[in-house]
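Think of it as A, B, C, D and E in the order they're written, each chain with its own count starting at 1.
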Amino acid sequence: MTLFLEQALNGLQLGVLLFLLSAGLTLVFGIMGIVNLAHGSLYMLGAYFAVTFTGWTGSFLLGALAALLATVIVGIVLERVAIRGLYDRPHLEQVLGTFGLILFFNEGARLVFGPAGLSLAPPAWLSGQVTLLPGVVYPSYRLAVLVAGIAAAGGMYWLVARTRAGMLLRAAAANRNMAEALGVNSRLLFLAVFALGAGLSGLAGILAAPLLTVRVGMGEEVLLLAFVVVVIGGIGSIRGALVAALLIGVLDTLGRAYLPGALRFAFAGPVADAVGPALSSMLIYFAMAVVLVVRPRGLFPTSARTDVAA
Amino acid sequence: TRERGEGVRIGFVTTLTGGSAAIGADMRDAFELALDHIGREMGGRPVTVVYEDDGQNPDTGLQKTERLVQRDGVHFVTGYIWSNVLLASYRAGIDGGAFVISANAGPSELAGVQCTPNFFSTSWQNDQTPMAMAEVMNRRNLTNVYVLAPNYAAGRNMAAGFKRTFKGTIAAEEYTQWPDQLDFAAELAKIRAANPSAVWFFFPGNYGTQFFKQYAQAGLLGQIPLYSTFSIDALNLGQIGELVAGSQLTQHWGADLPVAANKRFVDGFRAKYGRTPSFYAAQSYDSAMLIKSAVDATRGNLEDRDALRAALERANFESVRGTFRFGRNHYPVQDFHLFEVVRASDGAYSLKLGERIFAAHADPYVGDCPIAQQAAR
Amino acid sequence: MSRAVLLLAAALFVVLLAAVPAALLLDLPYLLFLFQQLAILATAAVGLNLVLGYAGLPAFGHAAFVGIGSYTVGILATELPGTLFTSAWVQLPLAAALAGLVAALIGAVSLRTRGVAFLMITLAFGQMLYFAAVALERYGGDDGMILVAPSRLGEQNLSRGVLSYTISVAVLAVALYVSFRLMRSPFGTVLRGAAANERRMQAVGVAVHRYRIGAFAASGALCGIAGVLLANHTAFISPATLAWTRSVELAVMVLLGGAGTLFGPLFGAAAFVLLEEVLSGVTEHWRIVFGPLLLLVVLAAPGGIAGLLGRQSND
Amino acid sequence: MRPLLRLEGVEAGYGAARVLNGVSFDVGAGEVVALMGRNGMGKTTLVRSILGLAPWVRGRILFETRELRAQPTYRIARAGIGLVPEGRQTFPNLTVRENLTATATPGRSGKEPWTVERVLTMFPQLGERLRAMANTLSGGEQQMLAIGRALMTNPTLLVLDEATEGLSPALRQEIWACLAMLRRQGQSILLVDKHVAPIRRIADRIVILEKGRVAWRGSAGGLTDDVLNRTLGV
Amino acid sequence: MRAVDKAAVLAEPLLVARGLTKRYGGLVANAGIDFDLRPREVHAVIGPNGGGKTTLLGQLMGEIEPDAGTIALTGADITALAVPERVLRGLARSYQVTSVFPGFTVLENVAFGLRARRRTTSRFWRAARTGGELGEAAAAILRRVGLSGRSGVDAAVLSHGEQRQLEIAIALSTTPKVLLLDEPLAGLGVDEGRRMVDLIASIAGPIAIVLVEHDMDAVFALADRITVLVDGAVIASGAPDAIRADPLMRSAYLGEDL
C-alpha cells in the first residue's frame, strides 16, 4: 500500500513536470494555433542554461533564474525571427518550419555545450528525502518540483481564464484582424505569450535538469508526451492540460510499476519481460486514442458551432 | 573494381549527433590519436579515414556503411557503438568487400552461429563484462540481487550474462523502456520496497548518469549497494564521481593498466585532448592498431583478402589491454578486472585497477561459431 | 500544372534513369543506392500526399505503413523461406493489402477527430505500431532483423542491382500515375472538395467519411509497397522504420515539395535526400544549415517547391 | 465643420485586383454618413481600408488630424474608431461577457460611457446568454454581440458594416432607434446598409459606391427614387 | 383528435417532423416542434433571433442530432439517417453563412452534387469530366440561378451576392424534392435580393421549400404558409394573411416597418 502511494506520488510528480511542458504548449499551440515542434528545444535549452548558469553563479536558484531569463530571451528572438511568419499559416507548414528549428537547436546546442551529457545536482537543501508518512520516504527535490508545478498551474489558469490579458489572447488567437480592429496590439501580445510559453517550457527543463542528464535530443523525448497531454486535455484548455498531464503521469508510472508484474501472471517470464515495457510505452498513446475516440475533442473541449459562424 | 589509388581507406561509423554524441567523439578522437601514433601510414601506404554519423539509428548506420563501401571504396569499416546499428550494417560492409571491425558493439548474434569470417571485434561480447561482475558478487556471497537493464538487445544480453554466472537468488528483474525512459522513479520505488541486498544494473552513458542521480536522490545510495556494468566511464565520471565514489565495476580495460602501449595511448590522449580516455576510446585505438598490424603484415597488399584476414586473426599488435587474441568467432579472448571509483588528491575521480577477475576469458557463444581457426602462418 | 513543374519532374526522371548507365560505366554503385532510396521514399511520400495533401488531413503516422510493408517481407522470409511467399509477386500485393487494411482501420477511427487532434491520433497509432514492432522479440525486437531472403522475382531478386533499382523507379512512376488518376477522378475531386468544405460536401449527398477511409487505404497501400522495396533495399528491418520522426520526415518531404500537388512528393523527397547527402558530406553539423533552410522554404515559399515553380489549378 | 474622417482618392484592392478607384468623402463630427451600393461594389473594402485591414491602400485617409494609412490596425482602432464588421466576427472562444469586456475601453469624457449593463438594456436577449460561448449563439445574437462589442470601445466614430443583417424585423428597428439615439447624443457614425427607408430617416449624408467609385453623394433628402433606381436598382 | 390529425398529415405531406427537441445545457433550442411541409409548398419559418430556426433546419437535414422527435420524408422515417443519405432521398439546404467550395470553379461546385446524385463520385480511375451530359445539366442549373457567365471562375472570388446564388445552385444540383433555405437573402442588396426572390419563386413548385428569412417582404411574397418559432416553440402557424394580422406577431416580432 505504501508502495502504491509512493508510485502514485511519482506519477503526480511526473504529471506536474509534463504539465509545465504542456502548459506552454497549450498556450502557443492551443490558443495561438501554432504547432511548435521546437517547444521541446526550449525545454532542452532551459536545462542547458540551468547547468551553465548554476556553474557560473554557484547557486542553483540564481542559475535557475538566469536560465529562465535566457530561455525567455531565446523565445522572444525565436518569435521575431521565425514564429511571427507562421501565424497565418496552415498547421502543416508550421510543422515543416518548426521541424527545421529542432534540427537547428539540436545542432546548435551540441556545438555550444558540447556532445557530452551534462549533469546538475539539486541544491543541497533539496537533495535529501522527507518522510511523508511512516514508510513513505520521498526525495525532497521531487516534492519541490511538485509544488512548483502546482503553483505554475494555478498561475496559468488564473492568467488565461481570469485576466483580461487571457481574454485578449484568446480573442486575438481566434481572429487576429478583428482583435486588431478593436485596438489589440496582437503582435506584442503574441510576442509576450510566446515568450511566456518559452519560459514555462524552459522552467520545465530547469526543474528536470537535476533529475535527468541534460543532453541533445531530450526535447523530442518529451515533446510527444506534451502534445499527447494537450490533445487529451482538449486543445487550448489549461484545466484540461492539468488533468491530462496528471493522468498521463500517473498512468505511465503505474503502468511501468505494475504492468510487467501483471503480465508475468499471464505469460512466461521472457515474453512478459519483452512485452511489458513495450506495452507500458504504448499505454499513453493507447489512452490518447481511446480518449479521442470517445471524446474527439478531448476531455475539456471548447465547444463550437459552425452553421452560423463566419 | 574497388582498387582506387594508393591509400588504405577506412570508414568509421559512430554516433556524432544526438544524446550519445560524446561516445562517438571519444572514439573518433582515439582513432585520430592512433593514426598520429602510426604516422598515418600502414604497410607503406597512406591512410585516409572517413567518419560517418549514424545518429544512433540502424537505418542511418546502414546507409552510411553503404556509402563508405560503395562510394568511398573503403577497405575496412570500423566504429559501431550500438548493437542494433552494427547488426543493420555489417552485411552491407562485408558484401561491399570491406572488413568490418566493431570497436564497441558486441552482440551475441555475431559471436555464435552467425559469426562471419570478415567481421572482427576489438571490444568484447556483451555477456562478458556482466559475467565478471557476477563473479565478483559470487565471491562476496551476495544473494537476493535486484537486476535492472534497458529493454533492448544489449541490455538483455548483459542481463543474460549476469544471470548465467551469478549463483545467488535474484530478487526481481526489471527491463525499462528504451531509449526514451525519462524517469526511474517507478523502478526506484520498487527497489526500495523489495529491499534487496544489492542492485546490479546496466545503463549506458547518459542513462547511467541519470540513474545514479535519481538513486542518490531517492536516498538509496548508502542503503543498497550498487553494482553496475558499463554505466560508469570516463565520460560521465566527472558528473557523477561524487555519487559513485567507492563503487565497483568490472571492465576489460582501465586507464591505469600497467602496459606500455596503454601508457602511450593514455598519455597521448590526455596530452592531445586534455581529458582521460574512456574504454570506448581504448577499443577504438586498438581497432586502428589491429588494422595496421594486418596491413603491415601483407606489406600493403589489400587485394589478398585471405592473407589480410589471417593477419587480422593473428592480432599481432600491442593492445592497450596487454595480451590480446581473437577467439574462433573473432571476438577477443581477454582479461577482466575489477575497478573502483576513487578520488585523487586533485579532487578528480578516476577508476582504479583492482584484482583480475577473469583471465583470458572467452565469450560463451564461441562454441557455436562454425568458423575454423586458420592455421597461424 | 505549370510548365516548370513538368520540366523538373521530367528532368528528375531522366536523371533517375540515366543513373543506371552512369553507375555502371563510371563504377558508382553508391549513386544507385542513393537514388533507389530516393525513389522508394518518394513513393511513400506520394502515398502520404493522397491524405496529407489532397484530402487535407494532417496524418503523421505513415511511417507505420512503410514498416508494415517491411515487416511483411522480413517475417515471410523468416517464417516461410523458399516458398511462394518470398516471391515479390506475392509479397507486394500482400503488403499493400495489409498496410492498406491497417491504414483503413486507423483512418476509420482517427477520422472521428479533426485538425490537430487528428494529427495526434494518427501519430499515436503510429507509435503503437512502433512499440508493437519493438515487442516482436522473435523478429529482433528493438534491434530489428536482417532480411535473410530478399523478395524473389523469377530467377532474380529485389535485393540489389539494376533490376531492383529499375523496379523501384518504375514503382514510383506507377505510384505517380495512380495518384494522378485518382486525384482527377470523381473520387479525388470529392477528397479535395471535402478538404475545402467538408460540411457542404456532406450536404450534397457525399458520405465524405468513406472516401477518406478509401484515401487512407490507398495511401497506406502505397506506403506498404514502399516498405517492401525498402526492406529489400536495406536488407534490414527494424522498428526505427516506424519511428514517429520518420513519419514527420515523410510529411516534411511532402510539404517541402508541395502538398496536394502531383509531383510535390517527388520534389520533396529528392530535395530532402540530396540535400542531406550533400550537406552531410560537407560537415557533420549540416543540420544547422538544413534546419533553417526548411524554415526559409516555409516563410518564403508557401506551397513548397511546386508552389515556387508556379501555382497550378487544383493539382 | 472640421471633418472627423476624410478620405481623399482612396484606392485599394486584393492582389492585383483593384476594388476602389479613388474614393473621396468626409464624415463630419457628429454626423451620420451612410454608404450604399450593390453587392461587390467595394463598401466593405472601403471599411477595411479605413481600418488598415485591406491588403493594399493608396490615397489619403485622415482621422481627426492623423494620417491613418500605413498605421497598424490597432492604433487606428485606439484612435477612436469602433468597427462592427461584415459577417459579425465575434470571438468564438470567448463568452458573451468576455466578448464585450475584452476589448472595452473607457469612455471619453462628455458622453455617457457604454458598459455591459447599458448594452444589455439595448439587447436584453444577450443578458440571458452572458456566460455562453459566442460560437453557440444564433446568427442574430452574434450580430447583437458584435454591435455591443464595438460600442464598448466607446468610439469617436462608429463604423457599421451591414450591422442589421440577419436581425429580425423588430430587432432591426431597435438598432435603428438606437442609432438614431446615438446620433442625437452626437455620435459620429459611418454605416453600410441596404435598407433605404431607415437610412433616409437617420443619415445626414449618403454616399453611393459603384465599381469602386463614388456614383452619387448628397443629403438624405436628395436621395430620389431616380437615383435609387439608377444606382441600386431599387 | 390528434390521431386523426396525424393520419391526415401522414397521407399528404412530404416532410413531417414530430416533437423535435434539442437542448444545449439548460437552453432549449427546439422544444417539441411539430412541423410539416406539403408538396409544392413554400413554408416560411420566421421568428426572433435565437428562436431556433437554424437549429430546426439542422435537425431536418441531419446535421444536428435531435434529443427527441422523429422526422419522415415521403412517408419514410429518416430520423436515423446521416446527411448524405437524406440528400440522396431528396433533401437539400443552403446555409445562413455562405458555404461553397473555394478553390473550385463555379461549374465544379455544381458538378459535385450532380455526381453525387448520379452516384458516380466513387469512380476513381476515369477523370472527373465537367463536359457532356453532366456539363449540360450543370450549365442549366447555373443559367437558372443567373450565374451562366461565371462558370469558369473560382468560387472564392465571387462577390457576396454571386456566392449566395451559387449556394442555391449547389443545393439544386442534388435535384432535391425538398429545399431548406436559411436566410437566402442575407447580405444581398435590394436589387440582388429581389432577384433572389424571383429565383426562389421560379424553383418553387416542383420543389417544396422551407424558407427561413428575416426579410418580411420576401417572406410574404413567397410563403404559402408561415410558422413562427419563439424560444424554440411554435407559437403560431398558418396562412400569411392570418400571421400578418396577428397583433401579437406585429408587436413581438414583425415590428412596425411592415
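The rule is short, and it goes like this: contacts are C-beta pairs under 8 Å (C-beta built on N, C-alpha and C of every residue); 3 or more make two chains touch, one makes a residue touch a chain.
Given the structure is predicted, the values throughout are model-derived calculations rather than measurements.
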| item | value |
| --- | --- |
| Steps in the shortest chain-to-chain touch route ending at chain E and beginning at chain B | 2 |
| Shared chain contacts [chain C and chain D, defined touch] | A, E |
| Pair joined by more contacting C-beta pairs (B-C or A-B) | A-B |
| Of all other chains, the one whose Cα centre sits farthest from chain D | B |
| Gap in Å, rounded to a whole number, between the CA centres of chain D and chain A | 43 |
| Centre-to-centre distance between chain D and chain B (centres being mean Cα positions), rounded to whole Å | 76 |
| Distance between the centres, which are taken as Cα means, of chain C and chain A, whole angstrom | 31 |
| Set of chain A residues in contact with two or more other chains | 106-107, 110, 274, 278, 281, 307-310 |
| Set of chain D residues in contact with two or more other chains | 87, 136-139 |
| Touching two or more other chains - residue numbers and ranges from chain E | 54, 63, 95-97 |
| Chain B contact footprint on chain A (complex, rising order) | 2-3, 6-7, 10, 13-14, 106-107, 110, 114-119, 121-122, 127-129, 137, 139, 141-142, 208, 210-213, 215-218, 221-222, 253-254, 256-257, 260, 269, 273-274, 276-278, 280-281 |
| Chain C-facing residues of chain A, complex | 29, 35, 37, 82, 85-86, 89, 91-108, 110-111, 220, 224, 227-228, 231, 235, 270-271, 274-275, 278-279, 281-282, 285-286, 288-289, 292-293, 296-298, 306-307 |
| Of all residues in chain D, those that touch chain E in their complex | 37-40, 86-87, 125, 129, 132, 136-141, 143-144, 162, 165-173, 194, 196-198, 232-234 |
| List of chain D residues in touch with chain A within their complex | 51-53, 72-74, 76-78, 82-83, 85, 87-94, 98-99, 101-103, 105, 133, 135-139, 142, 149-150, 153 |
| Residues of chain E that touch chain D when the two form their complex | 24, 27, 46-51, 53-54, 96-97, 159-162, 183, 186-194, 214, 216, 252-258 |
